[in-house]
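Once you scroll down, you'll see the structures, which are given as structure tokens.
After this come two complexes, each holding subunit A, first together with subunit B and then together with subunit C.
And then the complex of A and B:
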């Protein structure tokens, strides 16, 4: 028995895990002999049929030929680029140069600086770096009798173009969204913030995936201690693969037990730019269009980029509506069940009577009725998401309208329950942050349970516990429910309401920005000054 | 690193301290206060309330003066320093017991009111235990989250209840406050002591004072909080008496409840306010018990010089629960509350005043010696 456990938790297992980390470290240096290099390189990439190897000779017919070899991965490299800028340069144009007989530093410099017409060229003297570069889509160039090689940036694979983000569509605002390519995503942000202080620090995560993960921040605005904390936490990640930013989110989250998202994720570059300007730090991950924004507060999950593009009246109204929607998404069915089964006396008499009339003949208790409807709706939602567009809509219509109507006709559920569940579902879609909305969907079940055991009191207990939880929650050390400043209107400008832009002269406090000011403190823009100028 | 820029977990701001005191003070007194003051002084009940408020303010200012003397010591340390170790420890334990008694009576009254108001068939045990567990969840995280919770929740119940009470003034008869000044002075003074229980709550801040960030502003915190509490109770008293009348206010166990069930909203926007009342009631009780529970746990932690207050939350749990379950009926629950009300005279007025005088004398003696 003891042996089994010993084997189960044997240390060897972790050692195997380390051994399987095939990428050689940087201490494995290149050899002088190109054949040796080819042999070792091919050994590393043995049985990798997508490896392209091309050996060729460089030099004019009079001088001895120099042997060279390039490695690349089929599909990851831009073949056109390799042909035009590397092969052609080396094989054709090199003939016009008086290449030296001996291979030495000067020869190497000549090739690097004078022949290769690729934008990015990097020297390397070890296999680790070369191998990683080749696997990332670069081309590795080995030269005979040189113990250094060149890494040529020839990345060019099939990628999705910049499209409208599907999960955060909006009427007013830019239509470009992040793609699966890290560099393209960073470029989309850089196009919006042309500031040398916009820093991008990239690290590679995942023993096998070697995923590029970037930390973006604006130096001089973002608090250095938050940046440091983000980098520190990222560096603690040791996992075989990072396939989506969700992996990162779950591995470095403050409270992994919480239902609430402690990162704001977005696929909109304009949202990322806005958050960077507010002093947030953004984590971007290769292979996913979703960027992570930290630190966040509860209120920031109710913000939409459109709030800042539209008039402040409308934006404020919409925000208020979202908070109302959040309450409905959590507790609409629970409240109905509580009132029906515990406190019918608290309802206005006429309403109580009409509800009782519609419930006549329904064989289930209101709790069971609500549970059936909510479960059915969850199944519908799930089915609708998985199915392709047109069929998904059909499912929605068939499930929602036909079955719902039939269920009411058959007397299984009451029509008011259908209304309540519909309000609940629609409200959860009105919450702009998807992660938050799905948390609310789960909470709706919890609250239904609480309402069914203790009525209104149960719902209140749920809310008190919920607020207590939110109060104790932190996102990268920032209080989740901050700022709580009921009596300081100055600090409430961008929470429940969205104040006019010229009132928001300071960055939000919760990010602890180094530079607080976003607009000079010159009071409100003077009205009518434009007209005066026109008269002149 | 991040720790540096955010506030230390155990330090609370002035606004949070204010919210803590207001939330701790406004509790079950909400329902019974109109009866208490009118049964003492009839139409002059408002004078009783004002006098009580004045005494509470004095006590609170004394407490504020003590807090300024603490210099980083805990309250228990300070009591031991002023009165010597044995007496100091006994007084500290008295505080702990007082918190427990208040807690139990609040929990019990809460259960009784809930049964009366909304959940007739739900067992008391469930009502008390569930609320206790949710309050443990909050205070388990420490004073700073608790105080932030208080700050967050305060306007959420305060504003709706002020609106409801103002609706109660819709058709009221201010003649109920006549005749004027018929009560003898000693009766007024005695009656004012009975209101102390409803307004006390600053003892919570007193025992957890080592965590308040700015001690120089503490008098301001105390004064503003007590005045807010007093104004809130005055609004309740005026609304209840003018709409129920003196006689009925004296007779009802929870006159505020009796009044609110009668309010008709002008324009028939809402037919019944019971839902809002239940919400406000649960929230108000919850904030009170959280404040007192934390204070009780912290007091015992300081008495035993323990490092972790969390274990005391668990240790106190059964005592509070069983004490809350002892009374057999509403009247006995009332007498439990009365016991707490009598202790409040010691904990909120007598001991702080003695402590202040003793502390100042001791300080002077030390100065002379030096």
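And then the complex of A and C:
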């Protein structure tokens, strides 16, 4: 697949300073003459009106002055920082130094080590690096008579604060969610795992976007071969831009034909931390609040962070409910249609009659009726997402209540069908993973089709096909239905039943962690730990 | 390559739907749920008169269309005269607007005249037809089945549910035969045509189920009264409740008991040319009603009362069994089956002419009555 993109890009070759592996082209070296440098640099960024250039003189007014110039992108640099820590230092405080005696390398070292008070300073001798730095929000400093420049970290743009993740809100648990800034996101994870073994490997993807993409894992837990595989696959990506982690997901997915998400995406740093501790590898991408977790199993998509914060009874019950909801989300309309059009004999007599009574006068067959309602619901859902908050609610009320009620009154649909479709929709939203829920909604149409041509037999065939597909599916080499395929009850402590935490002494097997032990094997810490603390 | 395989799989999966013959999609509102089948002897010739009733769901819903006060019934009744039940279905199918659907058939009513002529063809029909609901009931009507299906009352919206729900009161009555179509079919096959069926009597606005129809060789041969049915149920161990009431000499109102538990056992006492059976019955009773003057306040009085009830139960059972023996000559109390199961070597001698031996078998009944709860005595 990489070749296709490569060929595509070779055809219309823009002037690009970066190689396929996204490292800057280092061949174009800086000149000694600052004017030459300015000229070249400005040429690169010609017609870029957001470029800020500031030339100034450094040194005692009496002595020969050193010419310097800084470049930055308006909006990306923190102007306050540039003023206070770079320009003030160089233009004001530098006068107190006997600069006239230092020339050449000594002067350069003095500036770098003694004057600039920004946190991160990097030397560079080529245009490629400097250019990329400036475009990333850093400030480039060129000094006259020097073939080296300095890259100063002055990144500071308008960013959204850390907010509660809207797609994964929960009652119990931390309220912070990822933002669009990569470094902030990594920091949110780091704050939870203060371990030098938490590794963050950043690469840049996208020929034009040069997006930071990080691979996070805990050394000593995560299986090195999985980390290697993730990095290998990321490096195959050659695309003009990576705007969201969804791009990465789709480009490195195992089976692109599958309806099922093979990555778990989350907005919650606590989920990322928990997965890292279980031996997963996390891919984070700049400009998106969604982190990707690999490898995953089908069951991990039914997990929610809250499961581990609440008592295990409640968590297990909720898990069970989610699985039931999943079945309903896939096959509730299909099952209803199958029952009333193929197997009404299986219904209790009273129920069969009341369903028949509600369908009396409905002009459509039950399949068409279900299809109309499901499509209407999808339209409503889509409309609700697009519209701003308050109007979205109105759409919900108008669409759900008014139109539904009116449709029933008008005799276009039967009330029981409205109930079934409502159950189907609500069930799909009870599945914690949105991508999975959307897949289920799509599958509901497939199952409806199967049920309408073959009744329960069709639904059964559908499930057989579904299971056959799931069994063959792999996420980074891990079987999608992992813990259940071999059916070992000991490995299913975190599936439908969320076992009490002190039973989950080992990390899940599907990640093949290097270190399987999660809790020391010395029984439940209850009275024992209390006494120890008391002694201390 | 992969796509080719995928398309191939899709095509072969689709072909399944073309190859199967069971394309029976029909929406629920396009079916008539036949609730009752009534079978009578037709006026002319050998034909039968078949009556189907099915609810008109539009009227049950009570919405638009069906005004309840209009007097038209919620239930449609269609009759036809045909050579067979199967033919009747086809006769009626061309007269009604929707497909007849038999999986919800709850009640099959047999008219008395037809039942007396024999109905082995019905057994055949039911066993060959997978549509008929085996959990339904089959009853013999005292009179015409058609009349029973014309009953109108407001107990239930459906006549079929009304009739089948009466069977749920089995634990209060124990005076009729509780048998489903499935059980009946099994019995007909094992006994080759001998069974007891519940009897349905038609009133003005209601029906009642009580007593039993005695079926011998697929024919109705006679009836058992409610009390006799109770006696047979005692022997068969099928009594789950009900009441016993009898007059006490010298008292102006009878004494009533509620039946709690009843267990029975059959024993073979002698195996001469005619066997002698002993029926051991253990009954637990609750005292529910006595005359005010009568006080049960001592063990002796309780004992004498128990003795009195024992005699009464003995005679109820004996009368019922004797009726089956002498009048109908059909073994529906399970003596033959008892021998077959427990005394196979004795059964060997009897089995060839059991029909002659059974009426002459000697029967003794021994009842042990316990009155467990006498209520509050003043």
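The criterion applied here is as follows: the second predicted complex is superposed on the first by the 495 of 536 C-alpha atoms of A that agree within 3 Å, B and C clash if a C-alpha of one lies under 4 Å from a C-alpha of the other, contacts with A are read in each partner's own complex, and residues count from 1 in each chain.
Definition applied: a contact is a pair of C-beta atoms (placed from the backbone, for glycine too) under 8 Å apart; a residue touches a chain by one contact, two chains touch by 3 or more.
Every value quoted in this text rests on a predicted model; they were computed, and no experiment measured them.
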{"item": "First (subunit B), second (subunit C), both or neither touched by A:89", "value": "neither"}
{"item": "Contacts of A:316 with subunit B and subunit C, given as first, second, both or neither", "value": "neither"}
{"item": "Partner chain(s) touched by A:349 [first = subunit B, second = subunit C, both, neither]", "value": "both"}
{"item": "Touching partner for A:481 - first (subunit B), second (subunit C), both, neither", "value": "first"}
{"item": "Broader residue contact with subunit A after superposition on the shared chain, subunit B or subunit C", "value": "B"}
{"item": "First (subunit B), second (subunit C), both or neither touched by A:362", "value": "second"}
{"item": "Touching partner for A:461 - first (subunit B), second (subunit C), both, neither", "value": "both"}
{"item": "Touching partner for A:223 - first (subunit B), second (subunit C), both, neither", "value": "first"}
{"item": "Touched partner set for A:341, first subunit B, second subunit C, both or neither", "value": "second"}
{"item": "Partner chain in contact with A:512 - subunit B first, subunit C second, else both or neither", "value": "first"}
{"item": "Touching both subunit C and subunit B, counted on subunit A across the two superposed complexes", "value": "342, 345, 349, 454-455, 461, 465"}
{"item": "In the complex with subunit A, residue positions of subunit B that touch it", "value": "1-6, 15, 114, 118-119, 122, 126-127, 130-131, 134, 137-138, 141, 145, 148-149, 151-155, 271-272, 274-275, 278-279, 282-283, 286"}
{"item": "Complex interface listing, subunit C residues touching subunit A", "value": "6, 13, 16-17, 20, 24-29, 31, 33, 35, 55, 57-58, 60-61, 63-65, 101, 103-104, 106, 131, 133, 158, 160-161"}
{"item": "Touch list for subunit A against partner subunit B, complex", "value": "223, 225-226, 228-229, 342-343, 345-349, 454-457, 460-461, 464-465, 467-469, 471-472, 476-479, 481, 484-487, 512"}
{"item": "Parts of subunit A lying in touch with subunit C, wherever the complex brings them together", "value": "257, 340-342, 344-345, 349-350, 352-362, 365-366, 452-455, 461, 465"}
